[in-house]
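Dropping the structures in below, format is structure tokens.
Look for chain A in each of the two complexes below; its partner is chain B in the first and chain C in the second.
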Partner chain A sequence: MSFLSKLQNIDRRVIYVIVLLALAIPLINPLGIPLSISPLTEDVYNLVESLQPGDVVLMSLDYSPGGSPDVHPQAVAVAEHLYKKGVKMAMVSFWDAGPMYGEQILKKYEEQGLVYGTDVVNLGFVSGGETAIRQFGFDVPGTVKVDFRGKNTAGMPIMEGIKDARDFALVIDFVSGNPGINEWVRQVQGPLGIKLAAGAVTVNVPQTMPFVQSGQVLGLLQGLRGAAEYEILIGVPGTAAAGMDAQSLGHMAIIAFILVGNIAFLLDKKVK
Partner chain B sequence: MNISSNPWVWFSAFGMIAIFSFAFKENPIYRAFEHLYVGSAAGYAIGVNIDNIVKRAIRPILQEGEFVLIIPIILGVLLYARFFKSIAWLSRWSMAFLVGIGSGLSIYGVVNSQFLAQIRATMIPLNSVNNVVMVFGVLSILLYFFFSMEQKGAIKHSASFGRWIMMVTFGVSFGNVVMGRISLMLGALQDILGGWLGLLG
Partner chain C sequence: MRREVPIVITFVVGIIMLLTNFIKIGAGEVGLIQQWSSELSNWVIIVAAFAVGLASVNLMKIHSNNITRQRPGWVNSLILVGSLIAFAIIGTIARLNPGTATAELNQNLFDYVMSPLGAAMFAILCFYIASASYRAFRMRSAEATVLLIAAVLVMLGRAPIGELMWNQFPGIAKWLLDIPNTAGQRAIMIGAAIGGFATSLRILLGIERGHLGGAE
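Up next is the complex of A and B:
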């Protein structure tokens, strides 16, 4: 096999090892590659920044362990911003794994003094997909009479005045698939005209962009990069920002493989 | 280096390494952890759903007398009738209900929010490069899928432009998929290098 043929048929294990090294080395020794802030991330930041202390924001945690490395850091960063602003956080999920992530986020803020039921609440998982999102959007207290911890939501101060999704100052859907942003837009945002933003797993970004362009979704965090940008905007660099060097180097490694393979293919064709 | 002393962190790290080992070769350790993952995910889902039924259906019926909830419970139980040949037809009632409600909700939502709203969003002034690309991109892609007229002359060129726009879109989608997969890998590496081995600051 000629050298050019070998370049076109690199063993996949070699590619895995090189990509692994490209990701691991900058994680251990950060390179400090600059990170620009996307206007869509700024839109989400500005939406949260415009909220007043005491407002209630709904975080819809619609992701599972498969998408959580991409989406959960977004939810963590936005929750930190909400906490700093004194905004109350209600969490709900239309994915069964969602409440688990809600508890992870709330644990930190309860330790810092926020009162469950007054400042924060985890409304838990509502089964039924698109139908459940519709039902929740139109009748919040009727859909979640009991929260994830088994407590009645009726007497909770945070739920006072909440009848439908319009009563939340902002709804942010953190999503890695369906049901998610499509369902929120067509079942709740469209009919009720709520203020809706999203944090999407990177794979879902292209399908969410039309909603941003049309103004149905007011801001969009795009995968881990969106989380990193948000962490930088709120001045609390976390795990997402720490991973951006590695992500850049990982992309460079993949681009290099694509270029090498194609150049070898063209040269090989010319030689033959 | 500050290795974690939490046995669950060790277990989680071994699980991730076992799953990653598939990249090199299929092996029994990978298979064991794959089955463990599928089993635990299914168990978690069943647990959460049973909890959901108890909290949102059984308890309201028994404690608050909301007997109307018996109707969806019956419809749900009827879904399992398909496992018994003699009464399998009963499951069609539940399916008919689900399909009817699902279609009704989706059709309204899709037409209103994903069809009309998107058409409105494309009716924009041609006062910037972005707007021009978007409007002509949409029109040319629609022409590409217009089969009532032979594609020649101006229509052919426009449809060809539409094909290029679609190719760029597919490229963007693929780029996002690569970026997403790298992010997932990064999440696992941060758990292994940071949470387990304590190598990250």
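Up next is the complex of A and C:
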């Protein structure tokens, strides 16, 4: 096999090892590559910044463990911002794993003094996908009579005055697939005209862009980078910012392999 | 009757769900049709919850068979069944007794077992994607070259290191996402919506009967 052919057929194990090193080294020894802030991240930040203390924001945690490395840091960063602003947080999920991530987030704030049922609530998982999103959007108390901790939602101070999704000052959908932002837009945002923002797993960003351009989604956190940008905006660098160097080198390793493969392919073609 | 009754039910339910967006009957805050559609939506939620239970029973049945007959990979089935039972028992007890040690154990199992395992499964894709993109992204044709260049530019624009190399990369990536991508996505969405509408209409009118289980 010629040298050019070898370059076109690098063993996959070599690729795996190099990608692994490209990801691991910056995690162990961060490079501190500067990160600019996307206007869409700033839009989410400004939406939260415009809220008043006492407002209730709904966080729809629609992701699974698979998508959580990309999306959960977004939810954590936004929750931190809401907490700093004194905004109340209600959480719901149309994915079964969502309420467990909600508990992860709430645990920290309950330890810091927020009162469950008054400042925060985890409404749990509602099965039924798109239909459930619509039903929840149009009749919040009727859809979630009991929260994730088995408590009646009816007497909770945080749920006072909440009839439908319009009664939330803002709805933010953190999403890694369907049901998610598409369903929120067509079943709730469109008919009720709610204020809706999103945090999406990176692969979902392209399909969310039409809703951003149409103004139905008012701001969008784009994958881990979106979370890292938000962490920088609120001045609390966390796991997302730490992961960006690894993402950078990982992308560079993939690009390097693509370039090597193509240069060898073109040279080989010329020689033949 | 086995076909006519489901078709009539589908038509009536479909029409109610359709009309709820356009017509309000009654003087109250919530119209009659809206009340019916709300009730029907609640039924969907309940049926979907039962479907989760049914899926668990089906999973148990299939993997229990694998274990008893010691089919290839039966150890994996054993782990699956064991985990399913353990999570179901602990989850149920935790749900009935919030704030107890079992509830904490349930959360810890999720935080330190389920969530990292799920994340690791997804993360492994990174290695496959690296290997696959190295092999697939070759300049074999004009279309492949356009795809390759767009992919590299978006990667460079999204990764902070790309911006460090040339500060125009994020702008180029944004343009690719905002203009060609959005145009394509919008076309797909509108096409799918029209297709969905046409199919829904066929189902409502009883022309499309595939969901009833027959070929007609």
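Just so we're on the same page, the second predicted complex is superposed on the first by the 272 of 272 C-alpha atoms of A that agree within 3 Å, B and C clash if a C-alpha of one lies under 4 Å from a C-alpha of the other, contacts with A are read in each partner's own complex, and residues count from 1 in each chain.
By our rule, a contact is a pair of C-beta atoms (placed from the backbone, for glycine too) under 8 Å apart; a residue touches a chain by one contact, two chains touch by 3 or more.
The structure displayed is predicted, hence computed values, not measured ones.
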**Prompt:** First (chain B), second (chain C), both or neither: which does A:Phe265 touch?
**Reply:** second
**Prompt:** A:Ala132 contacts which: chain B (first), chain C (second), both, neither?
**Reply:** second
**Message:** By the touch definition at the top of the document, which applies to A:Pro69: first (chain B), second (chain C), both, or neither?
**Reply:** both
**Message:** Contact-wise, after the overlay, does A:Met252 reach chain B, chain C, both or neither (first, second, both, neither)?
**Reply:** second
**Touched partner set for A:Ala242, first chain B, second chain C, both or neither** = first
**Request:** Considering only the touch criterion stated at the top, classify A:Tyr16 as touching first (chain B), second (chain C), both, or neither.
**Result:** both
**Request:** Return first, second, both or neither, reflecting whether A:Gln216 touches chain B, chain C, both chains, or no partner chain.
**Result:** first
**Request:** Name the contact category of A:Glu103: first (chain B only), second (chain C only), both, or neither.
**Result:** second
**Request:** Please indicate which partner A:Ile33 is in contact with in the superposed arrangement: first for chain B, second for chain C, both, or neither.
**Result:** second
**Asked** What part of chain A is shared between its chain B contacts and its chain C contacts?
**Response** 12, 16, 19-20, 23, 65-69, 96-97, 126-127, 131, 134, 150, 191, 202, 205-206, 210, 213, 223, 225, 247, 250-251, 254
**Message:** Help me check something: in the complex, which residues belonging to chain A touch chain B?
**Reply:** 12-13, 16, 19-20, 23-24, 27-28, 65-70, 96-97, 99, 124-127, 130-131, 134, 145-146, 150, 182-183, 185-187, 189-191, 201-203, 205-206, 210, 213-216, 223-225, 239, 242-243, 246-247, 250-251, 254
**Item:** Residue ranges of chain C touching chain A (in the complex, touch as defined)
**Value:** 21, 34, 38, 41-42, 44-45, 47-49, 51-52, 95-96, 98-99, 107, 110-111, 114-119, 121-123, 126-127, 129-131, 133-135, 137-139, 148, 151-152, 155-156, 158-164, 170, 174, 177-178, 181-182, 185-186, 189
**Complete:** Interface with chain A, chain B side, in the complex: residues 23-24, 41, 44-45, 48-49, 52, 55-56, 59-60, 101-102, 105-106, 109-110, 112-114, 117-118, 120-121, 134, 169, 172-173, 176-180, 182-190, 193-194, 199-200
**Request:** Sort out for me which residues of chain A touch chain C in the complex.
**Result:** 10, 12, 15-16, 19-20, 23, 33-36, 38, 64-69, 96-97, 100-101, 103-104, 107, 126-129, 131-132, 134-135, 138-139, 142-143, 149-151, 191, 202, 205-207, 209-210, 213, 222-223, 225, 244-245, 247-255, 257-258, 260-262, 265-266
